[in-house]
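You will see chain A twice below: alongside chain B first, and alongside chain C after that.
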Partner chain A sequence: MDLLLQQICNGLVIGSTYAVVALGFALAFSVLRVVHFAHPDIFMVGMFSGLVAANYWPGLGLIIAIAAGAAGAGALGYFAERTIIGPLRGRDILTTLIGTLGLSIVLQNGMALLVGPDPVAYPTLVPARFIDIGPVMLTLRQIVNLGLSALLLVLVSVFVRFTRTGRAARAIAERPDVAAAFGVDVARICQITIVFASTLAGVAAVSVGSLYGSASAFVGLLYGLKAFTCMLVAGNRHIEGVVAVAIGLGIIEALVTGYVSSSMKDAAAFVVLIAVLYVRPNGMFGSYAT
Partner chain B sequence: MTALLEIEDLALSYGAVPAVDGVSLAIEPGELRVILGANGAGKTTIIKAILGLKRPRRGTIRYDGEHDLAALKPHQIHALGIAWVPEGRQLWHTMTVFDNLRMGAFQSKDHAAVARRIEEMFVRFPRLRERRDQLAGSLSGGEQQMVAIARALVSGPRLLLMDEPSLGLAPIVVRDVFALAREINDMGIAILMVEQNARQALKVADAAYLLETGHIVDQGPADEIARRDSVKAVFLGGAA
Partner chain C sequence: MPSFGFFEPILIFTLLNVTMALGLYVTALSGQLSMATAAIAGVGGYMSGVLTVKFGVPFAVAIAAATAAGCLVGGALALLTSRMRDFILKLTTLAFGEALAVLAFNWDYTGGANSFTGLQLHTGLGTCALAVAAALFVAWRFDQSRLGLAARAVRDDPLAAAAMGISVPGIRFTTFALGAAIVGMAGAVQAHYVLVISPSDLGFFVSLNYIIFLLFGGLQTMWGPVLGAILLTVLPEALRFANEYRLIVYGVIIIAVVLWRPDGLLHRVPLGVPQRLFGIRLSPGRPARATASQSSGAPLPQLTRTAAE
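Up next is the complex of A and B:
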C-alpha cells in the first residue's frame, strides 16, 4: 500500500513535467497547426541556459537558473518562430514538420558539439533533503518540481481562458479565417503563443535538471516523444485532458517501475497510450479540426 | 458620390482552376446589393477576396476611394469597418455566445462602445441574452444566425458582407433574416450580400449582379433583374 502511494506520488511529479511539455505541443498544434518537433529541444536549451547561469552566479541558485531557463528558451522560441515556423506556417503540415524537425536536429547536435554527447552534472539548486508526508517520502527537489509544474499549468489555463490574447488564440484554433477577418492579427498571436510555450518549457527544464541532477543535449528526445504522445492521446482541444493524460502516463511509468521493472516502464506506457488511440483515434477529449 | 467599395477586373483561382474571372462591381455607401449565382459560381470567393482571406491573381479592390484591400491583411481590413456574416454562420462553437460577440470587436480599444453595442444586440435579439453564457455550438440554426449577424455588428461596421445568410435555415427564419438585412441597411450600413435565394434577396436589395461560372452575366436594379429571363437562366442553366 505504501509502495502504491509512493509510486503514485513519484508518477505525479514526473507526469506534471510531461504535462508542461505536452501543452507546448498542444498550443503549437491547435493555434498554429504546426507539429513543433523542436519544442522539446527548446526545453533542452532552457535546461542548459539555467545550468550556465547557476554556475556563473552560484549564490543565486534556483531563482537565477529559472530566470535564465525561461529567457533562453523564450528567446529561442521567438527565433524559431521568426525564422522557421512563421514563414512556413499555413503551408502543408508536413512542411512545418520537416522545418521544426530540422531545427531539432541542429539544436541537439549543436549542443552536443558544445557540451559533448554525454550527460553533464547539473548544479545543486535545491538541497538534497527528504521530506515525509504521511506514508510517502518525497525529496525536496520532487516537491519543487511538482510545485513549479503546477504553477506553469495554472498559467497556461489562465492564459487560454482569461486573457484577451488567449481568447484570440482559441478563436484561431477553432476558425483561423474567421478570427483573422474579425480583427485578430494571426501572425502576432502565433508568435506570442510559441514564445509563451517555450518560456514555460524553459522553467520546467531547469526544474527537471535539478530533479535528476543532470542535463544532456538529447534530453528532448525522451520528453518530446512522451509529451507528443500525450497530446495525441488526449486530443488538443482541452488542456485539462492533456494534463490528465500526461499525469496518468507518469503514474503508469512509476507503477511499472515499482512493481515490475524500470526497463519495462516506457514499453508499458506506450502500450497503454497506443491502446487508447486504437479506441479513440481523435484523442480521449477531442481535437480541433485541421 | 464615390463608391464605398469598387472592384475592378477581379480574378482569382484555386490552383489552376479559375474561380472568378474579370469581375467588376461597386457598392455605394448605404446601399444593399446582392450577387446572385448558383453553387460554384464564385460568390464566396469574391467575399474572401474582399476580406483579404484569398489573394487575387489580378484586379483591384478599392475601399473608400483610398484603400487597396488586396495589399492589406484581414485584420487591417476589418479595422477599416468591414464585417462578415460567413456562409454557414461559422461561429466559435467552443465559446459562449458572449465571447463570440466580444470577439466581433476584438481590435476595438473603445470598450464602452463595444459594451454598448453588445447591449443593443441583446435588446434587438432577447433570445441571445437568455443564451449569453451558453456555448454557441449548442444553439439552433436560427439562433446561430442571430449570433453571426450580431457578432458582425458589434464592431460598428460601414460595410457588411453577408454570405448566403439564408443557407440551411427554416423558411420562416429565412424571411426574418432578409427583413433583418433590410433593417440593418436602413441604419445606414451598406450590405453586399451573396445569395442563391434570388426571389427573397431581390425583394430587399437595391441592385443585383448575376454571377455565372466566375463571370457577371447581367446586372441592374433589383426590380428590373427580378423580371428578366437572365435570372432564371443563371439558376436553371442554359444561355442567358
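Up next is the complex of A and C:
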C-alpha cells in the first residue's frame, strides 16, 4: 500500500512536468496550428541557461537559475517564431513539423557541441532533504518541482481565460480569419503565445534539472515525445484535459516502473495513446479542428 | 557487379533510402503519411533475419516473406487507423511504430535489447539496384493506374471521392498495404547489408528521416521522394569536411529548404515530369491554367489555408 502511494506521488511529480511541456505543445498547436517540435529543445536550452546562471552567481541559487532559464528559453522562442514558425504559419502542418524539426536538430547538436554529448551535473539549487508526508516520503526537490509546475499551470489557465491576449489567442484558435476581421493582431498574438509557452518550459526545465541533478543536450527527446503524446491523447480543446492526461501518464509510468519493469514504462504511454485514439479519434476531450 | 570502393556503402544506402521513400510515397499518395516506416522496415528485417538465420531459408524467399510481413503489418495499421482523420492518423502511426520498437526491445526470441545478430551478408549493389527497380516500377505503375488516381482523389477530398463511388477505406487500406510491402522489402534488404537489427532502429526518429526525404523532395510526384532521398543521403557524407558541425549544417539546410520551398524541391507538373529544378527549366511549360497552382506555391487548391492572412 505504501509503495502504491509512493509511486502515485512520484508519478504526480513527473506528470506535472509533462503537463507544462504538453501545454506548450497544445498552445502552439491550437493557436498557430503548428506542431512545434523544437519546443522540447527550447526546454533543454532553458535548462542550460539556468545551469550557466547558477554557476555564475552561486549565491542566488534557485531564483536566478529560474530567471535565466525563463529568459533563455523565452528569447529562443521569440527567435524561433520570427525565423521559422511565423513565416510557415498557415502552411500544411507537416511543413511546419519539418521546419521546427530542422531547428531541433540544430539546437540539439549545437548544444552537444558546446557541452559535450554526455549528461553534465546540475548545480545544487535545492538541498537534498527528505520530507515525510504521512505514509509517503518525498524529497524537497520533488516538492519544489511539483509546486513550480502547479504554479505554471495556474498561470497558463489565468492567461488563457482572463487576459485580453489570452482571449484573443482563443479566438484565433477558433477561427483565425474571423479573429483578424475583428481587429485581433494575429501575428502578434502568435508571437506572444510562443514566447509565453517557451518561458514556461524554461522554468520547468530548471526545476527538472535540479530534480534529477543532471542536464543533457538530448533531454528534449524524452520530454518531447511524452508531452506530445499527452496532447494527442487529451485533444487540444481543454487545457485541463491536457493536464489531467499528463499527470495520469506520469502516474501510470510510475506504477509500471514500480510493479512491472522500467523498460515497459515507455510502451505504456503509446499503448494508451493508440487505444484512446481508436475509440475517440478526436482525443479524449475532443477537437483537433485544423 | 563493378566495385565502387569507398563509395559503395554510400551508394547502397542511397538506393535503399530511395526504395523506402518510394514505399512511403505510395502510402502518402492517399493522404496518409505513415510515421511508422522504420518500424515496418524493422519488421521486414526481423522477419528475413529470423528466417535465414534460424530456419536456413534462402535469401530470396526470406525477402518475399519480409515483403508479405510488411504488407500485413501495414494492412493492420490501416485497419487500426481507418476511422481517424489526417493529422491524428499520422500520430497514431507514430505511436504504433514506437510500440513495435518497445516490443522488439523486450522480445528475447529476436535478441531483445541486445539486437538480432548473426545475419549473413547477402546484399550487394545488384540486390539494391533490383529493389529500387522493383519499387520504381510499382510506384510508376501505381501512379498512372486508376488506383493511383483514386488514391489522389481520396487524399484531396475524401468526401467528394466517396460521392464519386470510390471506397475510401478500401483505397486507404490498399495504399497502406502496398507501401508497407515495399518498405518491408527494403528493410529486409537493408538488414542483410547492415547485419544487425537493433530495436532502436525501429524508433520514431528513424522514421522521421524517411518523412524528411519526402517533404524535402516534394510529394506531388514520385520523383520528389527519389530526389529527396538521394540528396539527403549524400548530403551528410558530402558534409564530412565540416566534422562536428555536420549535423548542424544539415539542420540548417533543411530549415532553408522548408522556408524557401515549403512544398518540396520538385513541384507537381502535368505529365508527372519535373518541369523546373532549382529554377532551371527541364521541359517546356504549359499555358497558364496548368502552371497557376504551381507558381502560387499553395499545396493544392483543395488544401485551402485555414489561418488568416
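Going forward, the second predicted complex is superposed on the first by the 289 of 290 C-alpha atoms of A that agree within 3 Å, B and C clash if a C-alpha of one lies under 4 Å from a C-alpha of the other, contacts with A are read in each partner's own complex, and residues count from 1 in each chain.
Going forward, a contact is a pair of C-beta atoms (placed from the backbone, for glycine too) under 8 Å apart; a residue touches a chain by one contact, two chains touch by 3 or more.
Just so we're clear, the structure is a prediction, and the values are computed from it rather than from any experiment.
When both complexes are overlaid on chain A, the residue A:Pro281 reaches chain C alone and has no touch with chain B.
Of the two partner chains placed by superposition, A:Lys226 touches none, neither chain B nor chain C.
For chain A, the partner that touches more of its residues is C, with chain B and chain C as the two candidates. Residue contacts after overlaying the shared chain place A:His39 against neither chain B nor chain C. Of the two partner chains placed by the overlay, neither chain B nor chain C lies in contact with A:Arg141.
Judged by the touch definition given at the top, the superposed model places A:Ala179 against both chain B and chain C. Overlap of the chain B and chain C interfaces on chain A comprises residues 177, 179-180, 186. Touching chain C in their complex are the following residues of chain A: 32-33, 84, 87-95, 98-99, 101-106, 109-110, 113, 172, 176-177, 179-180, 186-187, 221, 225, 228-229, 232, 263-264, 266-267, 270-271, 273-274, 277-278, 281-283, 288, 290. Touching chain B in their complex are the following residues of chain A: 164, 167-168, 170-171, 174-175, 177-186, 237. If you check the complex, the residues on chain C that touch chain A are 33, 80, 83-88, 90-92, 95-96, 98-99, 102-103, 105-106, 113, 204-205, 208, 211-212, 215-216, 244-245, 247-248, 250-255, 258-259, 262-263, 299, 303, 305-309. Taken in their complex, chain B has these residues touching chain A: 48, 51-53, 73-75, 77-79, 83-84, 86, 90, 92-95, 99, 102-108, 151, 155.
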